[in-house]
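Take a look at the structures below.
Same chain, two partners: subunit A is paired with subunit B first, then with subunit C.
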Partner chain A sequence: MTLAILAWRTLLRQPARAVLGVFGVAAVAALLFDMLLLAGGLATSFRDLLDSTGFDVRVTATEALPGMGPYLEGVRDLVADIDELDHVADVAAVALGTIAARGSEDQDAISLPIQGYLGTVRGGWKVLEGDDLPREPASSGTVVINRAAAEQLDLDPGDELLLGGLKIRDRWSAPPQRCRITGIVEFVFEQGHTPSAAMDLDTMEGLAGRKPDRAAFLMVSSAPASADIETVQAIRDRFPNLHAYSNAQYVQQFQAHDFSYFRQIAVVISTLTVFFTFLLLTALLTVSVNQRLGEVAGLRALGFRRRRIVAMLMWETAVTVVVGLVLAVAVGAALAVVLDGILHDMPGLPDRLHFFVYRHGVLVRFVGLILGTGLLSLVYPAWIAARLPIAATLRKEITT
Partner chain B sequence: MSRPVVEARGLTKIFPMPSGAVTALQEVDLLLDPGESVAITGPSGCGKSTLLHLLGCVDTPTSGQVLIDGVDVAGLNDAARSRLRLTTIGFVFQRFFLLPMLTAGENVDLPQLEAGAIRRDCRRRTLELLDYVGLADRVGHRPSQLSGGEMQRVAIARALANRPRIVLADEPTGELDEVTGEQIAALLHRVHLDGTTVLIATHDRNLASSAHRRLVLGGRDHRLHEPGVDR
Partner chain C sequence: MIRRDVKVLVLAAFLLGVFLPISGVEVEGASRGDILVSRPLAEALDLAAGDPIRLARTRDGSDPWPYRIVGIYEPIPDPIKITRKRYEIRMHLQDLLDREQSSDGDEPSRYAQYINVGLVDPDRAGEVADQLNQDPFLYARPARGAGGDIDVFAVLERFHLAIAVIALMGSCAFLLALMVMRAEERRETAGILRILGVRRSRILGEVLVEGVLIAVPGALFGIVLAAAAQGSINRFFQWKYDTALVFVQITPLLAAKCLALSIPLGVVAGLAASWSILRQDPLSMVQR
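This part shows the complex of A and B:
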């Protein structure tokens, strides 16, 4: 009869209490699991989105986020100059704008956000239908749109998209410009059912009727032999007025400011869940020990050493915690999907950005925290069982 | 001359209470030779159980000495005392204290496995012991499926599991009816006849009369006396 079997039998003796204990641990631990997913989930997801574009460095005019601050001027020369740096493999400039768009002349216009690319056009989207934008310079006059834009304007690849123009009382005061749709795409930072489009910068500037030669930010990919941080330093050295950040630095900035709320909430709730797990297990084990003090005293009188009694309790805790842990991971994973869906309904969030993200090490941290809490919760009941006065307890058992 | 199994020298036990200290035992001396059977009688609360607890190393005296096989137990740490209880002393309690989630056989296995017995040898010994106490057919039964007398038989089998030098039985018939009590008394008598030293604390006259020697505890002096001795 091993102590593990003895502990298992002890738990089965009060199946309802054992099941309640396991469910209690599972419920609280599931919440802890979710909070660990949340603590760094947003940053991880954001980093994945940034990395998925294929560029590892962003360059802006100021410390403001791309698109939120002043534009970079003289962007064509800037792209050419950065492209010449040894650490750089590729550069793309991205301009952002919004324009009125129609599928046909008699259709009402919708407001269509547009990204204009200069340089390497890739990574910002995935082609779902049709073709990508052709390579420069043949891309002029072509556009890719997302599924939302295609559905709202009732357009397919090969159709023409009417952009800009001014229509007064059913008559064009200034005619729109026509762009051929090469494909339907999904943008990396796509937001719900918001229509969106991308084209090259020349086409975009052509729509405005002028060439301001500006871009919101640059995306740079490091040469194979260069680390992103080296590329950042090279750009900073060459262009001290510009602000260059690697994806990791960019995410760090976000974590320190914009994402800090989620981290703080996760830390507070994690702490509470660990505390509740501790209270729950301590209460369960203490009640369990107190209910069988006579048996424990009997075992001690028969010659069981203190540490064997503690080991038996440890096995009981381990069984409760381990079964609870397995359930917690399953419940936590399901709950994370639901909670992620709820948080995802917040406006302005990219579809592919997630709050609850599994990362390397989360499971180890989770198991470590719960097992550590289990061990801690064992201290008081184990102390009761190990230090109980054998004779006094036996006497008390007889007289009650 | 063989060494006494148990020797108590000047044992005193005083329980500190909020309302004042209560003396349970006062300068008690006792010598138990191998193979002896002794019954300690006396009214409830006279200190019989306290004496057994001190002799069984589950409590410490306020003053005095307990020697088991010539070893002063005061010098032993908790682990050594546990080992002594496991291998040298067999306890039989009034309330049996069988583990309810284990079968009769497993309850008898338990102290043997704790002492490091090999599982196969342990099972063989358990079956022998359950046969010895007349419960060979109840090996797989849980305590809840046994009567009070049967539970006490299992408890006696458990006490004998590690071939102890002495069995300490504290009111072993206290929870049983008269007929069942007589059966347990007969069983303990048989244990004694088979060579194990038995010390019984009881106020059951039948059980006490089955012992080889009878001592009375109690009175104003809280000491052990031969029956009939004026105190």
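This part shows the complex of A and C:
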């Protein structure tokens, strides 16, 4: 009989204990799996969001995240100047604002966050229904809205959206302006059921009745032969007062400052979980060995060598840990969805930003940590079993 | 004092707050040239209230302007920005705008991120906001309820609770496993007692009392340990992140919750494990 089969039968002899041990490992390991997903998940997800816009460099007036700091002034000249740089393929400017919006004159207004977009290559949204904003300058007076705005205002592509205006006691003191909806879109940084819209910067300035010529940030895509870092350097050299960052640099900044709390808590809880698993497995195995001292002494008396006894215990631990691991991955994946849902209630988070994200290497690290912990937890019980005085233990077993 | 006098804070983009977030605020009756310094910055540069200080917008500290520190303030703790060094100052908005004008020689942009407005009739806040929101480059909203219904701390609390529940489930499984092993150890003794005529309920009663005697000191020990450790944990993380945030706080209510949860769990685990043995035939329990 091989040691693996012997270990398996030992576990089957006390199924309740074996099942509970497996469940215990599964629950704690599931938590560890989730913490490993959390440790870098937010940064990965944020990077995916940035990359999905199709632009690899952002330019702002300060180090603040796009949309969080002061505006870039003289944005039309700036876009033209940056577009001329060798490393640059495309440039787009984005102004952010909010305006009252209605589907019809008798409807109550909703507060509609809007993007004023300047650039020929679109980025930051995906068309779900209808058409994108027209690319030619004649696109003024057109708008794309997201599903939430379409549902709240009961509008479809081709309908007119009433923007701005002021209605006091059912009378217009300032009439709204009408924009044609070309399509329903999904924004990359869309938040929950928040309605949003995008239009050309000219249209946005037309709604304001003035031309501030400014934007919250620029999005730049590097030329095919240029690396993002080269584009960043070229912009910094040409415009030393501006702040240019590649997506990777933004993620680095994001990871170091914003939301780093989750990375920290993931590290702390992972450490505690590993320690907890070690403690509990050691306790289980130690009690298990102590209950079977007579059996172990008997095997030794039959000629089993110390290392075979230790190997048998190792197999027992391996079965418990491996079955627990498989369960843990399934349970952890389900729990990650639940925990992600809880954290997603935080205000201002884009729908597509996730805290628990699977990345290359997470599974390897997870399995390594749990198996390593299992091996460590085996040390003390294995020492008890290996150092057992055979004759004294058998005598004690018979007399008690 | 002389050393502090010559100390120049280097601000690469003074007006835009690149190195240090600078807030310009207008306070009625306050003197121009007075600034407030955040505690982490004051500690880092050894500054105190009353110290003169010079601020420049270039890395080499050229063309500095003199200010006077009138107070040190503790930045509002924010768990999301926990790893940020809160090197911040607050100054009069007009000081900020004057500085911009004199440095550039151009027309200042008069940029401000937000303006707080006090209304004669606060009930008309929504109406005033609607009026201002005609301009898409402005965003006005009534201050009341502006923070939204959900705050970050409440979400974090729910998240921590969920993690605690998962950890508790794991602990319960292990606890039950240990209790089953303990019951197995006593299988023979329990079998002999059953053969001698002792009823199951009596044995279970003994297990119950024993469970309470183990669970109560165990739970109390856990709370005492947590209470003893909370000071060290808080001090460590407050030192690590240079924040006034309190990370662990063992309140009487929390301790009561822990006791209410852990004692019944310990006792029930013992009873469940014993019942799995006791429901068997007494002869099979003594393995005869």
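Everything that follows uses one rule, which is that the second predicted complex is superposed on the first by the 394 of 400 C-alpha atoms of A that agree within 3 Å, B and C clash if a C-alpha of one lies under 4 Å from a C-alpha of the other, contacts with A are read in each partner's own complex, and residues count from 1 in each chain.
Everything below uses one rule, namely that a residue touches a chain if its C-beta (ideal position, glycine included) is under 8 Å from a C-beta of that chain, and two chains touch if they have at least 3 such contacts.
Note that the structure is a prediction, hence the values are computed from the model and not measured.
With both complexes superposed, C is the one of subunit B and subunit C in contact with more subunit A residues. Judged by the touch definition given at the top, the superposed model places A:Leu302 against subunit B, while subunit C stays out of reach.
Residue contacts after overlaying the shared chain place A:Arg395 against subunit B, while subunit C stays out of touching range.
Of the two partner chains, subunit C is the only one that A:Pro347 touches; subunit B does not reach it. By the touch criterion stated above, A:Phe23 is placed in contact with subunit C alone, subunit B being left untouched. After overlaying the two complexes on the shared chain, residue contacts for A:Ile114 are found with subunit C alone; subunit B is out of touch. Residue ranges on subunit A touching subunit C, taken from their complex, read 14, 16-17, 20-21, 23-24, 26-28, 30-31, 34, 61-63, 69-71, 73, 95, 97-100, 109, 111, 114, 116, 163-166, 168, 174, 204, 207-210, 212, 241, 243, 256-261, 264, 269, 273, 276, 280, 283-284, 287-288, 291, 335, 338-339, 342-343, 345-347. Residue ranges of subunit B in contact with subunit A, taken from their complex: 49-50, 53, 56, 58-59, 78-79, 82-87, 89, 91, 93-95, 97, 99-102, 106, 109-111, 113-115, 158, 162, 170-171, 174.
Those residues of subunit C that touch subunit A in the complex are listed here as 13, 16-18, 79-84, 109, 111, 113, 127, 130-131, 133-139, 141, 148, 150-152, 155, 158-159, 162-163, 166-167, 169-171, 173-174, 176-178, 180-182, 184-185, 276.
Residues of subunit A that touch subunit B in their complex: 1, 6, 9-10, 12-13, 294-295, 297-306, 308, 389-392, 394-395, 397-398.
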